[in-house]
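Presented sequentially are two complexes of chain A, the first with chain B as partner and the second with chain C.
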Partner chain A sequence: MNWFVLLSAGLWRRPGRTLLTTLSLASAFLLVGLLFPILLLFENRGDSTGITRLIVQPRHSITDFLPINHAVTIQGVPGVRSVSHQTWFGGTFRDGTDSFARWAVPADSYFPMHPEMILSSAALDAFARLRTAAIVGQKTADRFGLKVGDRLTIVPDIWPNKEATAWEFELVGIFDASDNNVDLTAMYLNHAYFDEYRAWGAGLVSYINVGLESGGSAGDISTTIDARFANSADETTTSSERDFALGFAEQLGDIGLMISVILGAVLFTIALVTANTVAHGMRERMAEFAVLRAMGFQKLTTQLLVTGEALALVLLGALPGLLISAVLVELGQEYVPQLAGIDIGPQTLTASVVLVLVVALLAVLQPALRLKRLHIVDELRKL
Partner chain B sequence: MAEVLVDVQHVVKRYRRGPHVINVLNELNVQVLRQDFVAFMGPSGSGKSTLLNLIGGLDRPDQGRVVFDGKDITGFTDRQLTAWRAEYVGFVFQSYNLMPALSAEQNVALPLLLTPLGSSQIRQRAQTALEIVGLADRGSHRPTELSGGQEQRVAIARALVSDPQLLICDEPTGGLDRSTADDILSLLDLLNRELGKTIVMVTHDPRAAGFAGRIMHMDKGLLMESDHPEPDQAYTGARR
Partner chain C sequence: MNMLPRQILAVSLLNLATLRSRSGSSAVVLTGIAGVVFVLTALFAMANGLRETLQSSGEEDRVLLLGKGSRSEINGSISRDQAAIIAGLPGIAASRLPGTTPVPLLSAELYATANLPRRNQPGRAGLPLRGVGAAAFGVRPEVRMTNGRDLLPGRFEIIVGEAAARMFAGLEMGATISLKGVDFLVVGHFTAGGRATESEAWLDVNVMANVFKRGAWLNTIRLRLESPESLDMLTTAIMTDRRLANSVFRESDFYNEQSESSTRLMTIVGVTVGIIMAIGAIATALNSLYSAVSARTREIAILRAIGFSATPIVVSVLVESLVLSFIGGLLGAALGWLVFDGLSMTSMGAAYSQVAFRFAVEPELVLSGVLLALFIGFLGGLLPALRAARISVVEGLRSAA
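Right after this comes the complex of A and B.
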């Protein structure tokens, strides 16, 4: 006999109830594990630590374009090492059920700036040499059974060509990636060909990519770039690639606020569920606690016992919930590139530990007060 | 002359029921000797259970003192009184009050969690206590797997296990049939005679009281009379 046995006996006195509560808690902590890291991403926006690349976009709308000449100006900003650009190509591939991004990029600057894209030198050479060259990520190649040498036909929407026909490209390479941030479903087309052959908009690009000198301050450089184009016809907004992606997501609304509200509701619910279970258990066991007190258990001891039970209950739910969320996040990153960078790191774990403690303490608040006021004789008389 | 273990001096206890104040004990004086086996009898509301709670340190008098082995326990803080109960008092209740989720042995071992004993020592002492009450082979059984008499034996083992001087028994045979009740009372008698435990018992049952060395009759918060059961009393199995 030891304290653990006593605690465990209280916890599993009603196995069905404990199991159901544990499942509720596991579901709640699964949500916490999935949503909290995303919330952190939004909360940490603007943090320029470790930023090596920036994206310059039109200030007012993502459907606007920037003049390619901006790249020359940006190249002159102190701290900028290299400049490239990318333009959303759009169009329809095959039967239109595809859902992958297609970008027109310059061969000479885009790929050197993105070394995490793994592409053979032969493919790189071919992309630079062949004006109709295209490369695709491994996932799209696998999905459509594409191989080097295939002809790719894309029916235009935004960008008709000068002959008002479908665009034809030749697949010269299939790229892989060294980290999860690369979208392995994307297709890249030769910008020189695209720019020359499009029916309108020559010299316009969607975004300008900026590579930074090591040690350069991403925040200062962003400010300088935007200041250079302030009050011009083509004002800019410069941000890190991560913040750019988050900004893209926030077109749906204030994602951070939405997640905060959901997490708040989850918290409130698990606190109520746990408090309800602990309170029910207590009500049934007041006489048992009176007997323990009669035997010589101090008030504080019984209160600690109930707190331990509540803590164990919350942990029983939290651990599997967080574990499953970690697995899901890991699996999700394999299939959803937008989840790249999200992980259950120390901040989420710390927050979860705090959450476990807060929920357990909230749950035992009322039972602990009842134990404090417990009158042994009155409780024993009820038996 | 036997030494006084519990000395209840001029104790008054009142309860408030709404606007009414009920005097449960009125200037009561009782002495329980070391190794005594005392039974308190009386009608409902006579104050016997209240007296039992005061002697066991579960409640405090409004006036007067309860002195245990020369120490005035009425002056103890709640913490001191709780620690005192753990050391000196074992309780046996009418409804056994065993924890359903624990085995018989674990129930018996509960009071030992408050001692510095290690797990193996706790187990050993719990087994010894179960042996004393004749349930050595029932240690792994849950209360629901035991009969009423066996449950009460486990409760007695639990009261014994920390080797207290005083056993407080509140209607210990109230829910048992005659034969089982006699077994339990014989066990209490044995604990009193062989282990020297001082036993204070409350009962409605004259037959149960017959097992005690002294019977005290209470009514309206007062001690009416005190007597010793006669050897020729008709209670089968009663103390002789």
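Right after this comes the complex of A and C.
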């Protein structure tokens, strides 16, 4: 006897019920696929290139600044290969509805340190040569229909310039990325020009980027850097890019907790409901299993059959659910910038597999026990 | 002709009376729907609470001035010269203490955030810091000291909102906190009637300008209008003065917009989760009620055979579904209310700083939860009800009980 035939016969015995159960399972796994990656965001929104780069930020506050002289001191720390910096430029582009990050960076050090940004050498040259140069990521270029040579006008907020006018930049390049940790909506502008022309705060930067000689010493070097500035007016917190991003996500702290509460409630409800429905369907079919037993099937075989059927059913719901969530996450990133960097990775898949097993196990617990105690003659009499 | 209502009543009551024999599948419907309503109650109570806190923070007759192009206080850039010019513009209310010259009710302030350890939670979060002068209190009559005293000019002192003191560790009276390498002594706590201001800490504006190296630049100006209608006059005066370039926000509009953007993510999450869970709950209800109908095949056939029409059968199935979903909805909302109402929580407010608020489970929220439950119950019950109506008397009677 072919196992597959028996399995699918059981599964499609009542196609309506199977489809509906699949639907409620799919909705549960859709939520797992949507919410679990958000939870993971707090754990590993990270840099795929490993910890060979550090970010030095003001210890005092995310929104504070560091004196650019810190970069010189940090360059002298053993194990540090290169140093660069970036400064939040802010401001408003066009009507301000589609905001994207704008950073002032030094041309000579920032791009060599971030090879995952793909930029033509012509654009790199132009950025270094032209004081008013700017580059934007592919997504922003597409959204606003920008092309090289366009003039970009940014109305300042935090950084008024010395003439109290809007800032003007010339677009010299559009960058792409070789991994998905690069923000393809960002705009970069020339730090030298920005520093000279801003009305206040000359010599202040938001973060200092540190490139390391090797990957193994990140922890020690972070400690050394922070110790150099301890008890000064501009204390630092040095961390990997991954932990730096986590620091921002941490600001949402309680909401992360909230999502886990919701996820818990969703899983509890749906596991209970599904397990109940599956078990209910199996109970109705005890007589059929009695027939199988009468035909000479082992007790264990019928129990395995029930387990296989439950697993197949749960998988039937889980797969489309996860698939739809992957599509929704992809679409959602277009509209909700906060979702950037979320995808359904190995951890979510592992969690889903565990969940499939748990729900299937819960569902077959009761039927399997009944099969163990099945009284063949009594059940056959009900037919 | 009053047979029909009587039949409906009789069959529905009979149906409900036998619910207990189908307790398993009834519980499944109930749990599924209660789960949806519970989760939605939690999510929307959170969004409601944050929205209420932010919206109650704004006044019609108060105005926020930022640098031109700024949308949040942290990004504002206003020079002290500009602040002095603005203080002389028309439309601004003046203090009228007897025996003194009237002073315009205007407070030019610095704004920053400090990264401090949270209380009872790992990690650090942003505390909003505001550099103020004595005028800050005149502009905000809702702010009252509850403990200690007001700031003295020129001192390294800080006063802390009560919500901020609850959110962060080490902001008790007499504690010191280090900001930019300088120790500030906590000399007082203040309340602002639960508004967003209560999540802030204040220090002397001139001390802060020195310690934070802000030079002659301020972030934000708050002022009181003579009346809510004076805004146009003030805006025109600012627009026509070439020395000034400011964004002007009525404070209530400013906080409304902030509450809009802060709750946007929660609303999106809430609606998405709600729709998906509702689909799951409808599928569950359909499943259970189809089973219930098939279990009652013989009973329904007998009813039809002794002269009951199809309508009472249909209605009875719908009634069963609606009663179950009503109970489920109430249960979910009640659980949400018990667990979450009044629970205090923090979320990200302006500029990566924390704002404290309380969950608000309001009657409207409970009502919409129950309505949603009934909607799910109706959809889940409709198709099984129609199937019940189509049960053939002959085949139904022949089927096993």
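Here is the rule we go by: the second predicted complex is superposed on the first by the 293 of 383 C-alpha atoms of A that agree within 3 Å, B and C clash if a C-alpha of one lies under 4 Å from a C-alpha of the other, contacts with A are read in each partner's own complex, and residues count from 1 in each chain.
Here, a residue touches a chain if its C-beta (ideal position, glycine included) is under 8 Å from a C-beta of that chain, and two chains touch if they have at least 3 such contacts.
Please read these numbers as outputs of a predicted model, since none were measured by experiment.
Undergrad: Which holds for A:S61: it touches chain B only (first), chain C only (second), both, or neither?
TA: The answer is second: A:S61 touches chain C but not chain B.
Undergrad: Using the superposition described at the top, determine whether chain B or chain C touches more residues of chain A.
TA: Partner touching more chain A residues in the overlay: C.
Undergrad: I'd like to know which partner A:I74 touches here: chain B for first, chain C for second, both or neither.
TA: In the superposition, A:I74 contacts neither chain B nor chain C.
Undergrad: In the superposed arrangement, does A:A363 touch chain B (first), chain C (second), both or neither?
TA: Neither chain B nor chain C is touched by A:A363.
Undergrad: Please indicate which partner A:A318 is in contact with in the superposed arrangement: first for chain B, second for chain C, both, or neither.
TA: neither
Undergrad: Tell me the contact category for A:M282 with respect to chain B and chain C: first, second, both or neither.
TA: In the superposed model, A:M282 contacts neither chain B nor chain C.
Undergrad: Examine A:W200 and indicate which partner it touches, taking first as chain B and second as chain C; both and neither are also allowed.
TA: In the superposed model, A:W200 contacts chain C only, not chain B.
Undergrad: Return first, second, both or neither, reflecting whether A:L152 touches chain B, chain C, both chains, or no partner chain.
TA: So A:L152 meets neither chain B nor chain C here.
Undergrad: Output check: A:V210 vs chain B and chain C. Expected answer is one of first, second, both, neither. What do you get?
TA: neither
Undergrad: Which bits of chain C are touching chain A when the two form their complex?
TA: Per the stated touch rule, the residues are 24-25, 27-28, 31-32, 34-36, 38-39, 42-43, 46, 66-72, 74-77, 112-115, 118, 121, 123-126, 179-182, 211-217, 245, 265-266, 268-269, 272-273, 276-277, 279-281, 283-284, 286-288, 290-291, 345-348, 351-352, 354.
Undergrad: Any idea which chain B residues touch chain A in the complex?
TA: Going through chain B, the ones touching chain A are 53, 56, 58-59, 78-79, 82-87, 89, 91, 93-95, 97, 99-102, 105-106, 109-114, 119, 122-123, 126, 158.
Undergrad: Under the definition above, what is the set of chain A residues touching chain C in their complex?
TA: Answer in residue numbers: 16-17, 20-21, 23-24, 26-28, 30-31, 34-35, 59-64, 90-92, 96, 155-160, 164, 199-200, 204, 231-235, 247-248, 250-255, 258-259, 261-262, 265-266, 268-270, 272-273, 276-277, 280, 336, 338.
Undergrad: Can you check the complex and tell me which residues of chain A touch chain B?
TA: 1-3, 5-6, 9-10, 12-13, 287-288, 291-299, 301, 376-377, 380, 383
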